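The same chain A turns up in both complexes below, where it pairs with chain B and then with chain C.
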Partner chain A sequence: MITEIAPAPQRVVSEPARPRGGRRAWDEVPRWQIYLPLSVYLLFTLIPFYWILLFALRPAGSTSLVPWPMTLDHFEKVWTERSFGLYFQNSVLVGLATLVLTTVVALAGGYALARFDFRLKRGFMLALLCSQFVPGALLLVPLFQIFAELSMINSLGSVILAETVFQLPLSMILISGFIRNVPPSLEEAAWVDGCSRFAAFRIVVLPLLRPGLIAVGSFAFVHAWNHFLFALMFLSDQSKQTIPVGLNTLMNADSVDLGALAAGGIVAAVPVVIVFAFIQKWLITGFSAGAVKG
Partner chain B sequence: MAQQPIRSTHRLKPVVSSKGTPMAQAAAVAKPPAPPRRRRASATPRRLPYLLIAPAALLMLGFIAYPVLSVFYYSLQHYNPTKPWRNGYAGFDNFVHAFTQDPQFWDTLLFSAKWVVVEVGLQLLFGLALALIVNQTFVGRGLGRALVFSPWAVSGVLTSAIWVLLYNSQTGITRYLADLGIGSYGTSWLSDTSTVFPAAVVADLWRGVPFFAILILADLQSVSKDLYEAAEVDGASRLKQFWHITLPHLKDAIVLSTLLRAVWEFNNVDLLYTLTNGGPAGVTTTLPLYVAKTSVNGHNFGYASALTTVAFVILLFFSIVYLRLSKFGGEK
Partner chain C sequence: MKINIRRSRRAALAVALGSVLALTATACGDDGSGSGKSKGAEGSGKGEITFWDNNGGVRTDIWKQIIADFEKQHPDIKVNYVGIPAANAQSKYDTAIQGGGLPDVGGVGTAFLAEIAAQGALEPLDGRLEKSSLNGKLSENVLGTSKAAGGGDTLYHVPTSVNNGTLWYRTDLFKKAGLDEPATWTAFYKAADKLTNAGKNEFGFTIRGGEGSIAPALDAMYGQTGITSFWDGDKTTVNDPKNVAALEKYVALYKKNTPSADVNNDFTKMVAQWDSGTIGMLSHNLGSYQDHLKALGKDNFRGLPNPTLDDGTRVQVSNPVDGLGLFKASKNKAAAWKFIEFAASAAENSKFNESAGQVPVNIDAAKDDWIQQAEPTRLAAQALNGENTKIVQLPYYLPDWNTISKADNEPNYQKVLLGKMTAKQFLDTLADQLNKAQAEWKQNQG
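What follows is the complex of A and B.
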């Protein structure tokens, strides 16, 4: 009883200092209950990152726990000798092409789903949702046969197509959700002013979709950048391979060059970290718009 | 069981009506203003929506639907390019073989189930805890969020590369732990059948927890603060507030993200393929990994297709549960 009464005056005193008085109940949480678990979890999150930086920056054979003396030898080696420079180009190409293709195709389909009522709509939505459960990994053999038929084995086009196809359903569901959030009356007003449907879309709707499109496009890029199996299966020519395949090759070598592996890992991470920093603020708002609940 | 989810969604509908599924939104948006829009749309060809979805539909038909059908077809065939004399119609031989004569099928299926349950369970638990923590107001919250979420975008292969460095017997973390007197030198957690499972689980948790934390945090933003104030006035403890306000609010998000993640964890082979390659002694081989090896190394496409079909049926079961819980088609 006493303990329940005791903190009450304290709360009253501290309340005016807080900008958001509405959250008293949760503001009461003792600081150590936040910082202690958070610090423990941060250690778990950050030690692996530190570990890979350490291996990438300290000279081969060193067992020091600080990357000093620092060397960039591993990066040089992995970029030229291990052809990560080439893999990087291929990965960028695959990532950007997947981004553009996914966004354009999903934008068209998403607009149709958001603004029209048509007979196949329900079936199409169902197909989109069901395709979420089709694992690309289990379709490797038939996909390989299709691309062989199209003479696309060993061409980046096969990986771009495969990545795009598996990104499409979710992207389309997300984009149609974003378009639905734009009131149709805005577009209708533009029609009245003499705009064609396409012009109205371009001038009125598209600018409002920018945050959503950034999120969807970034997802597509990061996914294509990270994904490994399609590139491994469809690109046997070493000069066509992507960064994740290069990393896997480094890991499977008879004697693993840990420094090169770490440097390669950092090369793989940099673009993703940049994209992530860029989209983080859209992430939470995008998800809380409820679009992901499709 | 069959009625329960639907009834509960109707009860919850007012709370989530602003979000809902795209279908629900479509129904809500499309029904009332339909007459004026119909007239408008008549200015454009009726084919327009079909033209707009055509590229997506064609791509999905060609590269998802057709491969799925061909998997079904090959599951009923003996098909192995390296043994052409055996190729031909097989009936249900491949399925019978899987269920009766292939202990590896059962082992990998069981391991898949164990992997999914442990991973999704732990990811949810830690993700929920993490989301609740970073939802508080505290100094350094922005930085804290950015840091704890950061492994989210790291690929499976890169996760493997990082943890291979950490688990390495000569230069990994075990060596430094041994320096401190914990454990012994030369231990490699990834090559011992008794430690490989927890080692792989931890590596995947590192990357998987932020997914749940992000989704749950997003949903936490929409809990009405008035509810907590009312509970506060009534003298409810924080634990009670969590149990009676926060958790019911998060229910939908948790159910959906758990199912989505379960399917994703079941299907994903990147991490285990590169981290353990299913080993040592096959103890970390999931069903999809076994399928990939059967078809790629063994060239036994017919049998691999049958195993894929079994995996589809399992996933279909999950899909149905998922669609029910996500209220899909629940609006009448």
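What follows is the complex of A and C.
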């Protein structure tokens, strides 16, 4: 019976040696030399966001540089009149289903790549990498025909499957990297204690993969959330459209309602910002762990 | 331990089952039948048809009203509305032509009519129109443009709306400067100069330098020279010396009388800049009327058709015509045609164009009160049908037209604005490409 699971070995990164008898050079840099460039960069990055907020919150026709008087009319318009409420639900469904499917399948595939040796393994890895170079637009017609054969055109399932398929190669490569970082001896110890391979994976390996899984899952979610092409091409029914397609419908051939577009942009961005705010710690750990060859 | 293993199995089973259920629940789709190669059928004239709106979103509400009116009059036909973002309509059609899933009826504008017709996806409509109540009720000029855009003498869509190039100007700024309306090119250049005070960020004009810049440049060029045909035999007139001189004069406005940001401005940025800044004139089309109304208020701007020559002659390039196409793959063409006839009828065409802010193609609809009250639309309708107006038909029928007039030459036009290429070099390059494309097209036509 396993009573304790050894923690995953952590790489020890030694701090750079301090110069003798003095503060580190870093501490000697005047603060303004650090904060001034950072502030300029931050300003440069945040101005477009402020601009979006400004257009979304100020009344139509206003040229004020501050969102005052403030109005939520644009949000109300996109959420109700332009069906963003419905698009939002669809995008959440597509994003979550892609996340689950991608993570589950990539886990299985990544485990196989990390733990088993088989013929053409290197070729398979190479093929996975190469598949990343094929743009989705190139495969639109074949995918369309496949989904048509499966009677899946105009169903969210087609978008979920297509997104999952496109996410899998990178996710599998990343997860295999995470799994390689977990010493096989941990699993072997569990087998000795009577676990099956699956149980050992579930009890020993899986908990150690949490940062990696969060990284891969969030990557899959965000990509599916933002992706426009598959939803546009495979879905026709208005009630099945997703947020990126909805955003594009706010742009007429000859005129654009900038207030509604900005409000729609915020509706589209907020979930992604929230997801990243919660997971950024694991995301950085996950990607850096997967980046190291085991 | 056993409990853990059982739990893990249950979890795995739940995930697998959940995934299958989720996909099953979301997989209530269709087989996307109806590719460009399918011949379709006339059908019973009853049942369901699918309509793709090529300008979905902004026009969704008005189309839903028209569909509701239609279903009330034809209770045995149900129309499924699909709104497609304007920028992606052509790629959606192209994918469906290759892969299947074409609608019965679709909004097909002249910008990509030839390309879709060339793939054999559209039903010729001359015969149906001849027997229809619409016969004689559609503007002959616009029908001519539609046929030309389709690549010959065949009608591939029933035109519903026509846009027109419009010179929007700020009446408040003109009044303050004591300027007359910019009805002629002479008045236009005078106003552009007088209204510019770059130090105060005030400009006379905003020029389109980003995406979609070629058609407005051609419009300004032909408008100034009075050349009325795009072709002189098999050679294009775009690089005629008079046109070169006119373009040189027009692009010289850049930075002198326009904001320098114009070099990258597509219509969205150009319209937003005009609506929120202090700029005297903007050359766009009727489509931005509502934007100006919201931003400036009805008393501070006007929209005129493009300026005339000093003798009152107006020359303008052909404007995009929107229309409804009947797809060959439709298995219910009879019902689909009923819908097209209904949507192009006077009452519905009027309703649609009032909402879209465009000129109705149905001549009875064009007489309605709202047009008389909406000055820019009324003036555009008069200009389109006026005796003094000559229309230079742009070669929308060339399969390469979109590539030539966009990706191939927009960067060159930016070089002209920035002074890195001369107007002559630009127009010679454009002419060379157009002449080759025309020769190829003629060869393919046999």
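The rule is simple: the second predicted complex is superposed on the first by the 252 of 294 C-alpha atoms of A that agree within 3 Å, B and C clash if a C-alpha of one lies under 4 Å from a C-alpha of the other, contacts with A are read in each partner's own complex, and residues count from 1 in each chain.
Following the convention adopted for this analysis, a residue touches a chain if its C-beta (ideal position, glycine included) is under 8 Å from a C-beta of that chain, and two chains touch if they have at least 3 such contacts.
Here the structure is a predicted model, which means the values were calculated and not measured.
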Clash or fit (per the criteria above) of chain B with chain C on chain A: clash
Which superposed partner A:116 touches (first chain B, second chain C, both, neither): first
First (chain B), second (chain C), both or neither touched by A:151: second
Partner chain(s) touched by A:40 [first = chain B, second = chain C, both, neither]: neither
Which superposed partner A:202 touches (first chain B, second chain C, both, neither): second
Which superposed partner A:258 touches (first chain B, second chain C, both, neither): both
Chain touching more of chain A, residue-wise (chain B, chain C): B
Partner chain(s) touched by A:270 [first = chain B, second = chain C, both, neither]: neither
First, second, both or neither for A:225, with chain B first and chain C second: first
Touched partner set for A:93, first chain B, second chain C, both or neither: second
Partner chain in contact with A:52 - chain B first, chain C second, else both or neither: first
Listed stretches 43-51, 61-69, 151-159 or 187-195 of chain B, narrowed to the one that overlaps chain C: 187-195
Intersection of the chain A residues that touch chain B with those that touch chain C: 63, 140-142, 145, 161, 233, 248, 250-251, 256, 258
Of chain A, residues touching chain C in the complex: 1-2, 60-61, 63, 81-82, 93, 97, 100-101, 104, 140-142, 144-145, 147-158, 160-161, 193-196, 198-199, 202-203, 232-233, 236-238, 245, 248-258
Chain A residues within the chain B interface of the complex: 4, 18, 20, 22-29, 31, 34-35, 37-38, 41-42, 44-49, 51-52, 55, 63, 65, 105-106, 108-109, 111-114, 116-118, 120-122, 124-127, 129-143, 145-146, 161-162, 164-166, 168-169, 172-173, 176-177, 180, 184, 188, 191, 197, 222, 225-229, 233, 244, 247-248, 250-251, 256, 258, 261-262, 264-265, 268-269, 272-273, 275-277, 280, 283-285, 287-294
Contact footprint of chain A on chain B as seen in their complex: 16, 18-23, 25-26, 29-30, 33-34, 37, 40-41, 44, 48-50, 52-53, 55-57, 59-60, 62-64, 66-68, 70-71, 74, 126, 129-130, 133-138, 144, 146-158, 160-166, 168, 171, 173, 175-176, 206, 214-215, 217-219, 221-222, 225-226, 228-229, 231-232, 235, 238, 241, 252-253, 256, 260, 263, 266-270, 273-274, 288, 291-292, 295-296, 301, 304-305, 308, 311-312, 315-316, 318-319, 322-323, 326, 328
Chain A-facing residues of chain C, complex: 1, 4-5, 8-9, 11-12, 15-16, 18-19, 22-24, 26-33, 50, 52, 55-61, 80-88, 91-92, 95-96, 98-101, 109, 163, 267-268, 271-272, 275-276, 284-291, 294-297
